[in-house]
Each structure stands twice: as structure tokens, then as C-alpha cells.
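Each of the next two complexes has chain A plus one other chain: chain B in the first, chain C in the second.
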Partner chain A sequence: MRGFLVALSLLIGFGATAAETPKRGGVLTFLIPADGGPSLDGHKEGTYAVLHAMAPFYSTLVRVNPDNPTSTTDFVCDLCTGMPVPTDNGLTFTFKIRQGVKFHDGTPLDARDVSASWRRIVFPQPGVASARRNNFLMVDKIEDPDATTVIFRLKFPTLSFFPALADPWNFIYSHRILEKDQHYFERNVLGSGPFKFDKYEIGQSVTGVRNPDYYHPGQPYLDGFHAIFAPKQQTRVDAIRADRAAMEFRSMSPSARDQLVKELGDKVTVQESDWNCGNVLTPNHKRKPFDDVRVRKALYLAIDQWRGAEALSKIAIIRTVGGIVYPGSPLAATRDELTKLPGFSPDIEKSRAEARRLLKEAGAEGLSFEMLNRNVDQPYVIVGTWLVDEFRKIGVTVTQKIIPTGPWLEAMRAGDFSVALEANCQNIVNPIADTGRYLPHEHYSDNFAYHDDPKQVEIYNKMVREIDPAKARVLMREYEKQVLEVGAHQQPVTWWYRILPIRSYVKGWKITSSHYLNQDLANIWLDK
Partner chain B sequence: MSTTTADPDALDLRPPAWSRAVRFCQRQPLGSFGLVLVVIVAITGIFAELLAPYNPTANDFSSMTEAPSLAHLLGTDQFGRDLMSRIIFGARTALIVGLSSAFVGGLLGLVLGVGSAYFGGTIDLLLQRVFDVVMAFPLIIMALAIVSIFGTGVHNVIIAITIPLIPRCARVVRSAALVIREVPYVDAARACGYGHVRIIMRHMSPNVMAPFLIMVTAFVGQAILAEASLSYLGLGVQEPVPAWGLMLQGGAEEYASTAPWIAIFPGVAIMLSVLGINLFGDALRDTLDPKLRDR
Partner chain C sequence: MLQYVLKRVLLTIPTLIGAAALVFLLMRLIPGDICLVRLGGGGASFDPKALASCHTEIGVDRPVIVQFLEFMWGAVRLDFGTSMWSGKPVIVEIAARLPISLEIAIMATVVAVALAIPLGTISALKQGTWLDVAVRVFAIGGIATPSFWLGIVSVLLVLDLTNWIGGKPWMPPIDYVPLWQDPIHNLSMAMLPALTVGYRYAAVTMRMTRSTMLEVMKEDYIRTARAKGLINKLIINRHALKNALLPIVTLIGIEFAFLIGGLVVTEQVFNLNGVGRLFVQAVQNQDYTLTQALVMLTVTVFVFTNLAVDLLYAWLDPRIRFN
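Moving on, here comes the complex of A and B:
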């Protein structure tokens, strides 16, 4: 086992650090662990099933540095020519746009396309869905005074603006098409990214071919790509084993990794990373007895996160114990800070005794309920099964209702559940924006705890306007305490861990803390 | 004047029960073997709490995917749960689903089948066309459709399996009841002014018991297989409920090469129980069917 781990470490290290001259040519075949997305529109959708298929066709204004994608602060221009220095006390950001960039139909791309796309994201017209508009509450105006300039004017300065700007979903669409049809990109593809759209077989595959007019010199290296939708993990393992596909970009389980490494040896490398994604336990505050803070807190106190995360990391794509902030961030709670919060104490017996006391005090001894869960094994079902046994240890009987993604979301949106196991998946680590998902439902539509907490909202509003990182950190602790202890509204239950076995001939791509980042494939090359 | 009462025992010319049991074993060795398997599964399910060495849903992170050993005779799964305990409790889930679906489906099929034959005419025509529609779908497809509507869980799985079993039983029972409808004692009952319910329940139903029992026995096996299939597809009972099909789903693919016991033992449990029920059902048919009895 030790030898295997050493070999794995070497493979990881080799894959991540080797600097070689990229080779041109070849077609990358990769797998998307899903059935396909609801539409093709990146502004509207939030699933990797869309992003992994569509990102190679599109440009963005700024992006995470593809050569340093694990950084949470290293942003570089994609369509802009230089990173702007904010003016007007941090309220104005002026971007100069590259000249000579063309959409794949040959029409030129200029500032009007950038501003029209951004207006669609930040100020969508009625009937147009924008999944991340809440991340841009600070934006007041978007202007394009000339063909090469785009200006963002903010209502208040904030640390969360720039990371949100580099969001990989912010595809730049043609303003000519948007003027005619705001829904065109839900069904059609026309970008200016490294690959031109070739064909899409619904629920089956997407193919793209090299864009010879791409504006980053020398890229892309590939002649094209072929993305195959394959929701079942074993199908994907078999495909990589047989070299029918080179990789996937979400994550495989530890056992799948071990199986491929054992069978393929040096023909496969493994890249691993902490993941800005984690499970969240959400009690419905509108349902009794979960309207009682003592009952909610008792549930959290029953969970042995430290031991559970360590053990389950052997069978599931989870690893790290953390609070509401991604554990790798400077704004995250330290271990000392975390262990003071309910549900994070290393003394689990003491926590469970307290949980039993709280249940008794609340008159909820012998509580039983149904926990809503998503029918995705990694890691939802595994974490859910573990939680059921943790609750049993404080005398609470839980059954799982495991249903497909659509009905699972519908049940949460309709408030038709007692307790739900859901997930919090973000892209660029942007703690202030990311933790907005813990705000009450009326402030963040995808929060399904259905709670009300004016104090929490007040702290958040202060935090989002704070530009001093040290003061923002203090406010984040206050906000976290309000969410996890005072209100006990929801509970983060272990953060996930990305594991990607990749055919060794795939070079140039680096794993990040999000399966949404670094997906335009421009820097990938094949050493065949 | 004295009265005498006939001693009913004196009129019973059948051999004693033990003698009939021995004769059954001699004539039907495979059926007897099947019966032994069925009894073992039944005892295991009924006395699961006494027989299981561990709590079937308790995780034990110090024993994850352990191979069979003295501590865990059939090994453990990925959560460290004792497989033997889960299989023992899984027998209870299989019995609950199998017996409930088979008996409820069988009884409803009996009533509808006999009623359909007795009344005939439009009622018979309508019922048979409804049965035609339901029977046009394979059992598992019909169960999948029903569970998609009602949702997952033990109760819904029982409903999903019961519904497609009803017409299967009704069709067979009806064919037997059609013959009985024409015999003189049914006419006599009608002539005596007995109601439809009394004639169906007291005079016709007892006389279609042989095909009914054979069908119900076969249904138990089919229902166990259907439950395992639904659970394997993620549409049956849900984790952490111990159920054989669900255990196959959890272990069959991901740990097939590294911990094959996770998939093998629940598979063996399903195979043996269904084999036992089918062997016993065949023997029962041979014993109860007068045409086959003396062959």
C-alpha cells in the first residue's frame, strides 16, 4: 500500500510539474458524467454537463490564469488587453478589449458584444434566466463608450466583484444575435473560443474542431475534441481503461482511481485537489419540529465530521472538514475556530450527550423523519447513508428518500421535505459571494432552509461592502457563527475532493478546486 | 330413544399428516429441498434479530471492505457493515415484499378471476380487456412504471409488484372457475337463492384453490426477484435498509474486483431463495394437480 501511495505521489507530482514543449494535433476524447444539460446557455445553466461541453467554444472577459488555475487570486485577461486598475475609490473598472477577435461565423467581436453579454448576465430582460445575477448585486451600470472599451460601474466597492467577473460561465455572445433573440444561445452555439462547434448529438456527445483564428498565439494545440456523455461511473472507468476516452473533468471515486492505476500503471496519471464543493444538511424551518433551533442543533451535534470525513474519503469523493467557507481560503475558519462551533467538536461523545439533552428539552425524543437525497452515489448517497447511522446514535430514526435530480430540486423548491441533503458547489473561490447561498430564501432563491434571520442579512451586507480583508475575515466569523450556532440554519457536511485519473498522454491541463474552471481545453495537448 | 353422532375422525380415511409429509419427500425430493430452503429463509427473516451477529445498518469504519473472517463470516461492505447481518435482515425485506405482494396480488386476482367467470357477459369482457392491457407489459416494466409514480420505499415497492400480479392470477383462476360455474352444485346454490358473494366465496373459490396456491407460490419468487431488480435499479428500498438487490447495487460494480464478496453473497441469497420457492412450487403443482399426481 505504501509503495502504491509513493508511486501515486510521483505520478501526481510528475503530472503537475513537468514542463514540456506542447505538440500540435490529435483529438481529445473525454467523458462528461451526466446525461446532458437542459440547454446550451452558460448564462442560464449551472451544471457541469453544460459547461464541460460548451466552454471550449466561448471566450470570457477575464479568467483564472490557466497556467496557475489553483490560485484564488491570479486572474488574467481573456478578451481584455490588460487587467484594469480600479478607479473612483474602487467603483469603476475599465477594460480595453482585444482587436481582431472574430466569432466563429467570421463576424468581428468588439466591446458591444462584451457589454451586451454582461448586461444579459447582470440585468437580464424579463423571461431571460441568469443563474448568477445575485453575484453581481454591486454592479450599477455596464457601458461601452467605444468599440474597444467596456466600463463596469459599481454601487459599492467590494472584494467579491473581481472573482465573480472571472466566472467561467460568463460566455461572450454576439450582440447582433442577442438583439434579435435573447434565447438563441439556449439552442445554438456561436462563440469565439479555441474550438469551433461541429455537432451535438443530444444526450450523446459534442464535438468541436480547432479554431485557426484563435487569438491566444499557438493555441489550441488539439485538432479537436469529442465529449461523450456517460453518467455511469463504471462506463467511464471502462472507457478510460480501454482508451476509448482519455479522462473526465468532474471526479472519480477512490476505488475507481485505484482500479485504473492498478490496471494501467504508468499509462495513467492522477491529479487530485480539494474541491470548492461540499454537502449541506438543510432542515426545513417551516416544518415541525425543525422550526426549533434545539432540534436542528441536536442533528448537527450527532455528526462525527472528523472521523467520518477521514473514513469516507476511502470510498467517496470527500475529504476535508470545514465550515461555510472553502477550507483553502484565507477567510475560512481555522481548526480552532471551527471546533468551537456546534457539530465540529472532536469530543463526539460530549456532543452527542448534548444532542440528546437538547432533543429531550425540545420534546423531540425518539424523533423520526425522512431525509431527501439525490440519486447520485458520489457522494450524496454515501454521505446520506453515513448520516442516517450518525443520527441513530442519538436515538433519531431516519429513512432516506433518494430521488433523481429533477424531482429532488423540485421538492426542495416546493418546500416539500423535512430535511434535505444538498450540495454547495462554487467555481472560483470567492468566499463572500459563495457564502451568500446561506442567506434566507428571500435573499438567495436557492436556499431551501426557508428561514428568516434579519441579523444574518445585516452581517452579510456589512461583509459584502468591506474591502479590508482582515475586517472581512472578522465579519465572516460573525456570519458563520450566526448561520451555524445562533440560528443553526444549515450545516456543511464535509467538503469534497477531486480525483481525476487521466491517460498519461494528456498534457498541459491542471486540476483546480472547481470542476467548472479551466475547461476551455486551449492548453491541452496530446503526447502521442 | 338414543341418538348417535358420526365421529368425523372415523370418516377421515386419509393417512396421517406425518405420513403424507414423508410421502411428499419421497415423491418430490427436489421440492423437499426447495421447501427446506424456503423454511430456512423464513426462519432467518422472522428471527433476524436473534440470528444476526451485528446491527445491519451500523457503520464500522475500522472494518471497511474486510474479507470474510471469523469476526465477519461473509465479510463487510464499504461502510464496514457486516454482510451476514445484512443478508439475514435482507431475508426479512424479501419475505415482507415477496409474501405481501404474492398474497395480496393473488387474493385480488382470485376474487376478480372467479367473479369474472361467475358473472360472465360484459363484466367478464371488460375485466379481461383490462387484464390484457396490464399483462401486455412485462412484470418488471410495469413495476418500474408504478414505482415511478408512487415513489420508492418498501410499501410502494409492494404496491408496484402487487398490481401486475393481479391479472396474472385472475386469468388462471378464471379459466378454472369457468368450468366450475357449469357444475350442478353451483346451479343448486343459485336455485336455493344464495347471493352472488356466497356462491363465489363459499362454493366456487374453494374449488380453484389448487391453481391459486400454485400461482401464489410462483408469485413469491417473482416478487422477490422483482424487488431485487427494483432495488438494484435504485427504485426499490433505499439505503441503509438491508435488501439483497440494494446490496448488489452498492457492491456489484464498484467493488467487483477488489471486494467481490460484497456482490457474491447477496446474489447467492437471491438465487437460493428463488430456487427454493420455484422447486417447492413445482412440487406443489405436481402434488395438487390430479392429472400430474399419479404420473
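Moving on, here comes the complex of A and C:
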């Protein structure tokens, strides 16, 4: 019944959005489920606390289509005037830049600002941190031959370039300021986005006001926004209930959604979506007995992903079973393809019998180990607790070591663990770049399985350079099989699910596959 | 007296140096890395060069002894550097949070004093009566109830009550505005946390008032005052309560010092951007400089509160200064 109500409210929400004419005015108050972020520099930081607060002030070159944000392939221009057709065998992308765009201080924005910002992201100067620089290893040069043209020249053609361009962190900064001070934007805000920076109350809130010179006609609809940092979920639920805030943009738990729907009825609309985040079970291949592929495979075979995901979705922000690719992507495995891989068979009894056999064969019967986990309830601790019980069903005894984020990351980087439950959380759906995280540690420093697999690297390198989507899909299946079956290096364990209860007067915004996307607030309006 | 004061003041110096050294070393013993939390806490991948760049920028790649000497030299000059998380001066980070923490501490103290002293006195004077029992139950309830639970329940209660009465749920604001800018907004926000914290604070103080009053009422000078025919009101106000207040004042001072940085959970429940929440945030983020500064702030407040109490005692009780 509850599911029906949510679905109904979803339909009502989308239906209303499609049919109504946006109204102008009003201030959107929303919550950022975090304490204040670190610096204000989008090129440097990686937490949504920064993105949710800063994205409304900045423009990007291209972006996910705000009117079709659930699509994983629909990218549109923000500062460019038309999506370029690659030339030179897919090695050259030429963008024409909008004319008449101004930064909020009144100075004009042109191609030099775009290229200077992109050079800072792709080729940062010594002492300048660029968090997502790795995503642009294919870029050879960035040029601005005139005030309206920016050219990206690649070292090799690849399908992963365009989604990486649309990453929402790629803010466009003023080249005049960057020339003087590369660190200016860590402490100051000056963009050309839909909202002008008003004030930042340290650790408490960020306020923006409408940019009257915004270049997308008619937008933004709001007079301004007020973002309040509120790390505790109960506070956020109470605040939405009392209309102290209209929404948040990360996710709430199913219980919070149910509480708000029950208490607010039609005053709240729920938007839900698969999330480009998932948990990953990572055995440390350097530790015995996890150096044995049979032991690793046995662990994966013990997990009933299908029934588990369904049951856990009632209490945790997870829902969809998937392989190494985000389930909404054209490159993702279909259900048929998935069920052929170990650990994804619907016949769990058969899988567990096979798991017991493998353990016996490997001499690892009665195995016990400690599983490293992060002290975040939703969904790490919940998923971890479920996994402990799944392993028990094949006679494996597991204890969870639940520790804060810092020590958790440190332990994985130091290789000081047997099995870890980690997360794979990406900004934009870019399957080829995103699945790079499964490469061996020496090729991808954030892979903590510490395995070695030249064949896997070979397939990946082929896939990165493949520009035919159909062929890339075939290579992705081969790569996935190598990761999950041949090597059994790591195992994805359920994908997360975004749940956003939103005050019904908030219109125009559509949920996306990531809490990093569609955050400039330009298309939001208030029906009050 | 001067020698005593001098001795007590000089003792604070090694205490503060010891605390500074201890907090520096303890922070380094915790496994983890602020740059990892900053870049990888969200689960997304990041460039290893960005990690190295972050280490260099915040200075954690230097030898520990260099960091220690820099911290100690800074502490002597009251310069705790910049927050490793936000890059802002630590003093700015703390100054942004201090007003709300201070306001809640003052309001909670007012609530506590206004409740504790009259009720504690009545309870002592009416020992064994139903009134005494009622006050004691009220006090024990305050001590036994965790402030965070009371906070959550009080917000829910306000939401439900306002919804029931006016058909629209209301809760206190969740963003701070200074008192002089918008008194109604400010007081609406501070009222509930001050009451919930003040209740526990009052309960502790009430128990102390009752015990000390009971003790004082059995003293010889009270019997003498009664024998002299003084009226009860004068005996209580001028002789009993005045003497009973000594340990109560001490307790109030120490509780007040605790409230400045110790409202960790309450500040989270009410979304108060105070020093307690900053403390949790700094520890979670492994922001060494900010945590060190906050610990030093707390230690300093406690050291000086204790110093003030010691001096007050010496002034009030000649036996202490002459010994």
C-alpha cells in the first residue's frame, strides 16, 4: 500500500511538473546533510557538502540535461552553443562559447576563462590539487584560438571523454583571477551561474540571490536560495515536516520517507531513483586465504543478492542488484547476463552448496575473519550486518570492525584488513571511467584488493579506446567476467537508491542518478 | 594571600603546556588522514597527486617534531593556525560558533539557577514531606534523562502540539541569527535547547543545594541564631543560604565551563552551529589544528574556572589562605 502511495505521489509530482507553467519568485530553503564543507573550490574537493552549496553559483561547459537528468547519455551545453561533433577520428572536440555571458562581478566570460579553468582541472600547476584529474588522462591539449572557441585535443579517442566533461564539479572560473591567484576560489566565490553569492555563515548556511544576467532565458525562477547544513537525519525530517526547509538533495532512509508521507500526505512528493553508488566487497588478495580464488568466490556465492536487496530496501537506501556498471547505463549487464555470473544466481541453495564445496576444496572450512566497515549506518552498517549473516550460512564466521571514515580509508590504503566493505560512488554515469576502479592497485591507486591481473588490464585498455558503443558493451561484458568470475577480485553488493521527500510546492526539479548532478537550481520554482 | 594567588597562577602554566603536548600526541596516534577523508570520504575516486598536494598544503608531510614545535610556539602566541579542513583561521572557525554556545550556556545557567536554588532550598526545609519527594523526583528525573533524548522528544512534542492546536507543525528555527538582528528568531531557536540542558543542570544543582542546606541547617551558628530569636526568613537567607551557596557556586562555575564546549549531542539534535558540534566535526575530519585549539580552549576554560574557584575559596575561607 505504501509503495502504491509513493508511486502515486511520484506520478502526481512528475505530472504536475510537466503540465504547469513555472512561477517566478520565492526563496528555496534546502538542507545539506553535512557539517560545512572544506574549501569552496569545486576542482579540488570531493564532498557533496561543497557541491550542493557551490553549484548554483557556477556555470559548466556541458552538463547533464536538467530536463532529462535520469538519462545516462543525454548531455547538453551550458556555456557552449552547440554540442560538438568530434573530428580528426574522434581526437578533436571544438566548442563554441556563448557570447554575452558575464561573471557576477560584471566582467565578461569568454573562451579564455573556459580553457584556463579546464587547464587547471586537467593540468594543474604544482601545489594546486585537482581531485578528478585522473578522468582526463586522454586529454593532450586544451586551446583557445579565439574568444569564442575552445578546442580539446585528445591523445586517443574514447567514449569516456564526453561524460567526464559533463561532471558537475568542473566549474568555470575567471582566468583573470586564476592568473593572479590559483587558490582564490578555495576561499571566495565568483561564478557566472544562475545565482549570485550572498553570504556563507561558516558551518551553518549558504545564501544565494538570483543572477538577473543569467544566460538561460527566464531562469532562474527563484529569487534566491538558503542552504542550511543539517547533518542529523531526524533534524532534517523535522525541518521538512515543519516547513523550515523544503527538501534535501542527498537521500533519506525509507523510514524517514514513510514518516513524512504519513504526516504530510499530499504536502510532500517523493522522488526516487537508482543511485550511482554501491557497496563493494573487497577481499585483500595479499592475505591468506583470500589469495585463493576459490575462497573469494565462495564468499560471493554465499550472498543472496536478489532476496537481500528486496528485503533490505525496506530499511536501507539500497534496492537494485547490479554488476560493476551502474544498472541504468546501456553498458550495464542485463538480468540474464548478470545471473550467469557467480554470486548473482537466483538459485541461492545451489550457489551456497557450491560455496561450501569450494571452501572444502581450498581447505578453508570453518573460516573466520574480520570485515572492515565504515561507521555510517545508511547503508554500510546495515549491509555489513546482512553480509555477516549470509556468510554464516556457508559456515563462515565474520565479525565486523566498524570504524570512522578516516581510519577506515587508512586501513584499506595500508592493506591492513582481510575483507573490507567499501563503496563505489560516482558523480556522473561514465561506465568506462567508473569501472576503472576495479583495475589492479598499481593501475588504479584506489583499488584495495591488491590483486594482479594483466588480462584484466589488457581488456580495460582496449575498452577505453573503443568508440563504437556496441563493441564497448561487448568488451565491458568481457571485463566484468574477468573481474567477477575469472579473477573473482571484488564483488559489487547491491546498488544504492535515492529517496527524496520534497515539499510539494517545489516544482521543476527532477531526481538524478547521483546526488552530485542537476544541482544548479536554475529550473526549480515554487508553487506557493 | 598574594603568595597563594601567585602559586595557583603559576601552576596553570605547566598544566596548559602538559595539556597541549598531550593533545598533540594523542591526535597523531589516531589512525587516519584528513586528506583521505576530504577527497575520498564520498566514495568517489581521486587523483593520488591531489592527495600529495593536500598533504603538502596542510603541512602534515613535515616531521612530527617540526609540527609539534610549531604548534607549541603558536600556542604560546595564542595562534593556533588554520583549520586543516576549511583552510580558515582556527580563531575564525571558533568565533563563528562561540556566540550560540555562549548564549545557550548563559540561558541554561539562568534556567538552572532559577529552578535549583529555590526548589533545593524548599526541599531541604521541607525534608520528608510530599514537597521534598516531588522536588527530589523532579531532580532525579533530570539527572537520569539524557539531554539528547529530552531534546529529540521536546522537538517532536512541539511539532505534534502545534500541529494539533493550529493544524500546522512548528519547530524552532535551525539556523542561528544573532539576538540583536532578530530577537524572536534567536530566542525561538535557543529556548528549547536552553530548557533541556538547563533541566539537567538544574537537577544536579538542586541536589547540591538540598544537601548543603541540610548540612548548614544543622550547624551551631544556625541553632545560635534561632536561640537569639531571629526570624526564620532571616536565618535562611542571611545565614543558611549564604553559607550553603559556596559549593553551589563552584558547581555552577564548572557546569558553565562544561557547557561551552560540551554540548556535543544537544547541539546536533537542535542543529546548533556551536562549539560542541565543531568539536565532533574536527575529530571526525581528523582536523588536527582545529581539534588541538578546541581542546586547548576547553582546558583553558576549566583551568581558569578552577583557578577562580580556588581564589574565591581562599577569599571566603581564611583557613585555606593561611594554610
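The criterion applied here is as follows: the second predicted complex is superposed on the first by the 512 of 528 C-alpha atoms of A that agree within 3 Å, B and C clash if a C-alpha of one lies under 4 Å from a C-alpha of the other, contacts with A are read in each partner's own complex, and residues count from 1 in each chain.
By definition in this document, a contact is a pair of C-beta atoms (placed from the backbone, for glycine too) under 8 Å apart; a residue touches a chain by one contact, two chains touch by 3 or more.
Just so it is clear, the model here is predicted, and its values are computed rather than measured.
Student: Go through the superposed model and pick first if A:256 touches only chain B, second if only chain C, both, or neither.
Tutor: first
Student: A:437 contacts which: chain B (first), chain C (second), both, neither?
Tutor: second
Student: Which holds for A:234: it touches chain B only (first), chain C only (second), both, or neither?
Tutor: Touch status of A:234: both partners.
Student: In the superposed arrangement, does A:385 touch chain B (first), chain C (second), both or neither?
Tutor: Only chain B; A:385 stays clear of chain C.
Student: Which of the two, chain B or chain C, is in touch with more residues of chain A?
Tutor: Of chain B and chain C, C contacts more residues of chain A.
Student: Counting only touches as set out at the top, which of chain B and chain C does A:106 meet: first, second, both, neither?
Tutor: Neither: A:106 stays clear of chain B and chain C.
Student: With the two complexes superposed on chain A, say which partner A:82 touches: chain B (first), chain C (second), both, or neither.
Tutor: A:82: touches no partner chain.
Student: Under the stated touch criterion, which partner chain does A:128 make contact with: chain B (first), chain C (second), both, or neither?
Tutor: Only chain C; A:128 stays clear of chain B.
Student: Of all the chain A residues, which ones make contact with chain B and with chain C?
Tutor: Comparing the two interfaces on chain A, one with chain B and one with chain C, the shared residues are 234.
Student: Write out the stretch or stretches of chain A touching chain C in their complex.
Tutor: 35-39, 44-48, 124, 127-134, 186-187, 201-205, 226, 228-232, 234-235, 238-239, 241-245, 263, 277, 404-407, 409-411, 413, 422-427, 436-437, 444-446
Student: In the complex formed with chain A, which residues of chain B make contact?
Tutor: Touch residues, chain B against chain A: 57-59, 61, 64, 78-79, 151-153, 234, 238-241, 253-255, 257-258.
Student: Help me check something: in the complex, which residues belonging to chain A touch chain B?
Tutor: Spelled out, the residues of chain A in touch with chain B are 233-234, 253, 255-256, 258-259, 307-308, 311, 314-315, 375, 381-382, 384-386, 388-389, 392, 399-403.
Student: Using the touch rule from the top, collect the residues of chain C that touch chain A in their complex.
Tutor: Touching chain A: residues 30-34, 36-50, 53-54, 56-57, 85-88, 92-93, 96-97, 152, 155-156, 159, 168-171, 173-176, 268-271, 273, 277-278, 281, 284-286 of chain C.
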